[in-house]
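Scrolling down, you'll hit the structures one after another.
Shared between the two complexes below is chain A, which has chain B as its partner in the first and chain C in the second.
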Partner chain A sequence: MLSNTGNLILLLNILLSFLIIYYSLKCIRLPNNIISRNIYQLSLLQCTTILICFFTLVAAFLVSDFSLITVYQNSHSLKPIFYKISGTWGNHEGSLLLWVIILTIFSFLFLILNKNHPKNYRLHTLIIQNLLILGFLFFILLNSNPFSFVNPIPKEGLGLNPILQDPALAIHPPLLYIGFVGSSIYFSAAMASMITNYSNKLFAQSIKSWVLISWTFQTLGILVGSIWAYYELGWGGFWFWDPVENASLLPWFAMTALIHSLLVLEKRNSLYFWTIILCLLTFILSVMGTFLVRSGILNSVHTFANDPSRGIYILIFLSLMILTSIFFLFKKYKPANDIINSNSKETFVLINNWFMMFYLITVLLGTLYPIFTDALTSSKISVGPPFYNSVIIPIVIIFLFLMAIGPQTRWIKNKFTNFKNIFYIIAGSIIINFTIVYLFKSYSFISNLIIISSLFLIISSVSDILKTQNINFSRIVSHLSFGFLILFIGLNHNFSEEKDFNLKLGESKKIDNYKFILQDLELTQKSNYKSVVGVLNVNNLSTNEDRTLKPEIRIYDNPQTLTYEASIQTNFLRDYYLTMSNIDRSDYYNIKFQKKPLMIWIWISVIALSFGGFLSLFRNAKNN
Partner chain B sequence: MPKTIKFIVLIVLIFLLGVFFISLNKSTDYNTEHLIGNKLNKIKFESLEHKKIFTEEDFKKNNYTLINFWASWCAPCRIEHPILIKLSKEQNLKILGVNFKDKKINALKFLKDLGNPYDYLAKDTSGKESVNYGIYGIPESILIDNKYIIKKKFIGPLNLKDYDDILEVINSL
Partner chain C sequence: MKIKIYALIFFLHFSSILSANQIVDQNTIHKNLRCLVCQGQSIADSNSDFAQTLKMVVKDLINQGKTEEEIYDFLSDKYGDWILYKPKFNLENFLLWFFPYIVLVVGGFIIVFLIKKRSKKV
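Here is the complex of A and B:
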């Protein structure tokens, strides 16, 4: 029943998209500047039906309707309700449906919220967005249908992969999708803008909110993914330069560049084509990321079952998108006669863009290089953290300095009057840095520079608040929290401690100034797993602080899997991070203990960073 | 826009899409199973600690040698480490650890903290040497006999089942 309902609604949506395109084309020919009512109605209907379609799938998961192959493969009747629901988008088919939902909702909202822009521009955006929607609807129907029927109906489902059964991971895909699928709307708008020659600063205004929304959610999505990796994977890290993590970072760089170049277009009416390129690039990178992840040409921790026919479909879609956008870009491109003074805010924004492009290209090359070598020379290589760290870190230092100076410059022509100030701030940063090094006694040249440059940005941003009357809070919050983010990552990296050893029940071990005792092992039975909980007493000998950490080894039932849950004690100064793994046929347990300073502040900084995006969004909404 | 720029952009994009297309049609399950039963023709690794080169001569006298590829930055390597420690107590087996794309100081600290299961400690700083052994990620391990025939190959961290499999092979003498 649900299978038929779902399929029918999908077909209805295809019909609606065609109708919207048809009526829009008709409406474009009319001489007035009014969009006919039925386009609004169709668009609203399209939103409603796709949501119904989605809730049909959610319902199938809730009642464990194993006649649907997707439900059968990704759920189990004994799963907690929360994970039954999140299972809806925890798989390839369901997540594609989420894609279409976001495409559709953004399409509708863009249509109704941009009433003061020209009709043709809005309708062209709508048409292009609907072409994207159609592409994905056909993909779902023909290749990745979540409503596919399985016969005979299985009695029980296969279950959701246990490491995906985590609250952070339940909200990770929707957040990330709002981010990078949301970028589709300014892809469509950029195409429409080129087609209708709507190339002034009003265009910038029409897409600014959408860029900010997608950027904010992309930031949050990446954060939640990172938090998940930290808590769930049990490696004690939060970023691994995994190809799929990179795939989410690439559009983020493009969006960040776009936010800044939009400022120039909005204020100075220049950099139009560069802005267009960034709009197109962001969504192209998003689709490319999807292609890389779903086609299975990358090996990564994000294991989606691989199916070459999926890959070929997305690849054709991606190629069409790229070639069409390139076609319009080449056709419409006019060399700009933007005269930009080398000492002006415009230049600094451009510098931001160059840096973002540098990061983007670095990460892109690192991600694609193994694919290239494999395809062209059949040799398998992997690009690991050493590559990214050594290329990106030194550049971040310069970036932070410029990021501090940039916002203080003026549009058109700037005059540096505050060299003294800059000097004081640098001196202050250096002093604070060496105080930190002196107090914590750990030294590395590059992390010193990281700490100094991030302090420079922080102090500059704070002094901005004190100095200027007309404060741009959103910018200061974002820049300030970015400074803090890098500072905390630097401090965390430099002052982390790690101990690795084996221990058996009742045994105690002294390492440096810690004493560890494995006091007890508790066996517990939960609804969907059994677990062995270690009770470990950690005594800090220098402060005589006593704390108990309880790492877990979980044995999940459906599918049967072993996972290791870290025990993490967080406070504002540091995290204690402890994982325990069994050594088979031995009484010993392998214990990995880490002290990670200021860990929580890394998360807080990213939340603050995205909060800056929200502030900017509200400010923008208020101004327009 | 100058024609040359258009042309270059187009070529780059078509090249990129072409590469994607080629990789799609390649089997992504990089299967090195077929290597089992093959003979390693030439073994050559630089020692991590000393100025020495390990060649097949060094392993001739061992009944079995397990070549384990690892790095201090590799998290799963920590997971398999206890198994390697257990294996190191076996009489019939010597273990060659190949430290993969790592820094010497980190590698030695890793072994100091977790214990050193290796009878031979070699390095492959560039990661190029390991490619000849069908290694595409670490940890991976290869079990060879005294005629350098590959008996087993393990992708990913060694687990208890692998441990049993290794014992079965080396105790079958």
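Here is the complex of A and C:
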């Protein structure tokens, strides 16, 4: 029953999209500047029906209707209700439905919230957005239908991968999707802008809020994913430069560049084509990321759903998007001749974009290069954290300095005087750096530079608050928290302690200034898993502090899976992180113990960073 | 005067780092080695048997007095370059290592060119 309902609603949505396109085309030909009411109504209807479609799938998960293949493959009748619901988008088919919902809702909101922009521009945006919606609806129906029927109906589902049964991972996809699917709306708007020659600062205003919304959610989505990886994957890190992680970072770089270049377009009516390219690029990278993740072309720790046949479809869709974009860019390109002075704010925005493109290309190349070498020379290589760290980190140092100086410049004028001030701030940063190094008693050359440059950014941003009358809080908050983010990552990375050793029950071991005792192994039985809980006593010999950490080895029932749960003790100064794993054919356990300073501040910095996005959004909404 | 002191501190600091760089760090090596039976994890992060065994191999090699580079060469001969997270500098990986910097330099030139062309002559 639910299967048929779902399929019917999907078909209805395809019909609605065609109708919207048809009426929009008709309305464009009319000479007045009014969008006919039936377009609004159809668009609202479209939103409503796609939501009903989604709730139909949620209902199927809730009642465990295993006649739907998606429910059968990803759910189990004994699963907690919360994970039955989050299981709806925790799989390929369901998440595509979520994808279409965001496309549709953004399409509707853009239509009704931009009433003071010209009719043709809005209608063209609507048409292109609906073409995107159609592309994904056909993809769902032809290849990845969550409402596909299984016959005979299975009695029980296969269950959801236990490491996906997690609150952070329940909210991670929706956040990330608002981010990178949200970027579709300025892809459409950029196309519409080229087609209708709506290329002035008003165009920048019409998409600014959307860029900020998607950027903020993308940032939060990446954060939640990282936190999940930190406590769930059990290696104590939060970012591995894994292809799937990179796929979420690539659009983020493009969006960040876009936020800045949009300022120039809005204030100075300049850099129009570059801004358009960034609009197009952001969504293209989002779709490309989806292609890489879902096609299974990449080997990744996060690959939970892949199938080559999906890849072909997305690849065709992606190529069409890219070709159309390039076609319009060439057709509409006009060389601009606006004034850009050195040391003006425009220049520094360009510098921001320049570095963002560097990061983007480095990460893109690192992600795709193994695919090319494999295909061309059949030699398999890996590109991992040591590569990205050594290519990107030296450049980040320069970037942070420029990021501190940029906001102090003015529009148009090339006036820049504060050399003395800059010198004092650098001197201050160096002193603080050596104090830190002295306190932690461990350092490397590059980490010093990272700490100094991030301190420079932090102090400069703070001193901006004191100096300027007309404070742009959103910018200061974002830049300041980015400075803190890099500072904390640097400190955390550099001053972490890591011990890796084997212990058996009752044994104790002394490593450096720690003493570890595996006191007990407790067996527990929970509703959906059994677990072995290790009771580990960790004694810090220099301070004689005692603490007990309880890592777990879990054996889940449906499906049968072994997972390792880290034991984490957090406070504002440091995290203690401990994992335990069994070693085959032995009664020893492998223990990994880490002390990670200032871990929680990394998360707080990212939250503050996205808060900067929200502030900017409110400011923008108030001004327009 | 102040500046001279800073410069001195910085110089001393820098030279001490250069000399401290010779120690082979086991953890750095672990982080650079892919766990071949896992999906995208280094052996430092993995709980698998393969990772455990490989860590012992690395320990042995360090005890034999091998340098970091020699250990990577040894392991990539045995398992292929797939095992190294930091690709080697060679002809095949030339673009991977240098293209980002080429982009950086070209980007810089574009900006300089743009400003030269478009700035208001005073």
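Simple rule for what comes next: the second predicted complex is superposed on the first by the 619 of 624 C-alpha atoms of A that agree within 3 Å, B and C clash if a C-alpha of one lies under 4 Å from a C-alpha of the other, contacts with A are read in each partner's own complex, and residues count from 1 in each chain.
In the analysis below, a residue touches a chain if its C-beta (ideal position, glycine included) is under 8 Å from a C-beta of that chain, and two chains touch if they have at least 3 such contacts.
Here the structure is a predicted model, which means the values were calculated and not measured.
> Quick one: chain B and chain C on chain A, clash or fit?
On the superposed model, which is not a single observed complex, chain B and chain C clash.
> Tell me the contact category for A:Leu15 with respect to chain B and chain C: first, second, both or neither.
The answer is neither, since A:Leu15 touches no partner chain.
> Looking at A:Ala621, would you say it contacts chain B, chain C, both, or neither? Reply first, second, both or neither.
So A:Ala621 meets neither chain B nor chain C here.
> When the two structures are overlaid on chain A, which partner does A:Asn341 contact: first (chain B), second (chain C), both, or neither?
The second partner, chain C, only.
> Touch check for A:Gly366: first (chain B), second (chain C), both, or neither?
In the superposed model, A:Gly366 contacts chain C only, not chain B.
> Applying the document's definition of touch, where does A:Gly384 land relative to chain B and chain C: first, second, both, or neither?
A:Gly384 sits against chain B and chain C alike.
> Looking at A:Asp500 after the superposition, I want to know if it touches chain B, chain C, both of them or none. Which is it: first, second, both, neither?
both
> Figure out whether A:Ser581 sits in contact with chain B (first) or chain C (second), or with both, or with neither.
A:Ser581 contacts both chain B and chain C.
> Look at A:Phe330 in the shared chain and tell me whether it touches chain B only, chain C only, both, or neither; answer first, second, both or neither.
In the superposed model, A:Phe330 contacts chain B only, not chain C.
> Of chain B and chain C, which one contacts the greater number of residues in chain A?
C
> Touching A:Ile471, do we find chain B (first), chain C (second), both, or neither?
After superposition on chain A, A:Ile471 lies in contact with neither partner.
> Which residues form the common part of the chain A surface touched by chain B and by chain C?
Looking at chain A, the two contact sets intersect at 233, 235, 237, 299, 379-382, 384-386, 498, 500, 581, 583-584, 590.
> Provide the residue numbers of chain C that touch chain A in the complex, in ascending order.
Against chain A, the touching part of chain C is residues 2, 6, 9-10, 13-14, 17, 27, 30-32, 34, 38-42, 44-47, 49, 52, 55, 80-87, 92-93, 95-97, 99-101, 103-104, 107-108, 110-111, 114-115, 118-120.
> Taking the touch rule as given, give the residues of chain A at its contact with chain C in the complex, in rising order.
Residues in contact with chain C: 233-237, 240, 242-243, 299-303, 337-342, 347, 350-351, 354, 357-358, 361-362, 365-366, 369, 373, 377, 379-387, 390-391, 395, 414, 427, 430, 434, 443-445, 448, 498, 500, 564, 579, 581, 583-584, 590.
> Could you list, by residue number, the parts of chain B that touch chain A in their complex?
1, 6, 9-10, 13, 16-17, 19-26, 28, 30, 73, 75, 78-79, 81-83, 86, 101, 113-114, 127, 131, 136-137, 159-160, 163
> Can you name the residues of chain A that touch chain B in the complex?
Where chain A meets chain B, its residues are 233, 235, 237, 291, 295-297, 299, 306, 308, 311-312, 315, 318-319, 322-323, 326, 330, 333, 335, 368, 371-372, 374-376, 379-382, 384-386, 498-502, 581, 583-586, 588, 590, 592.
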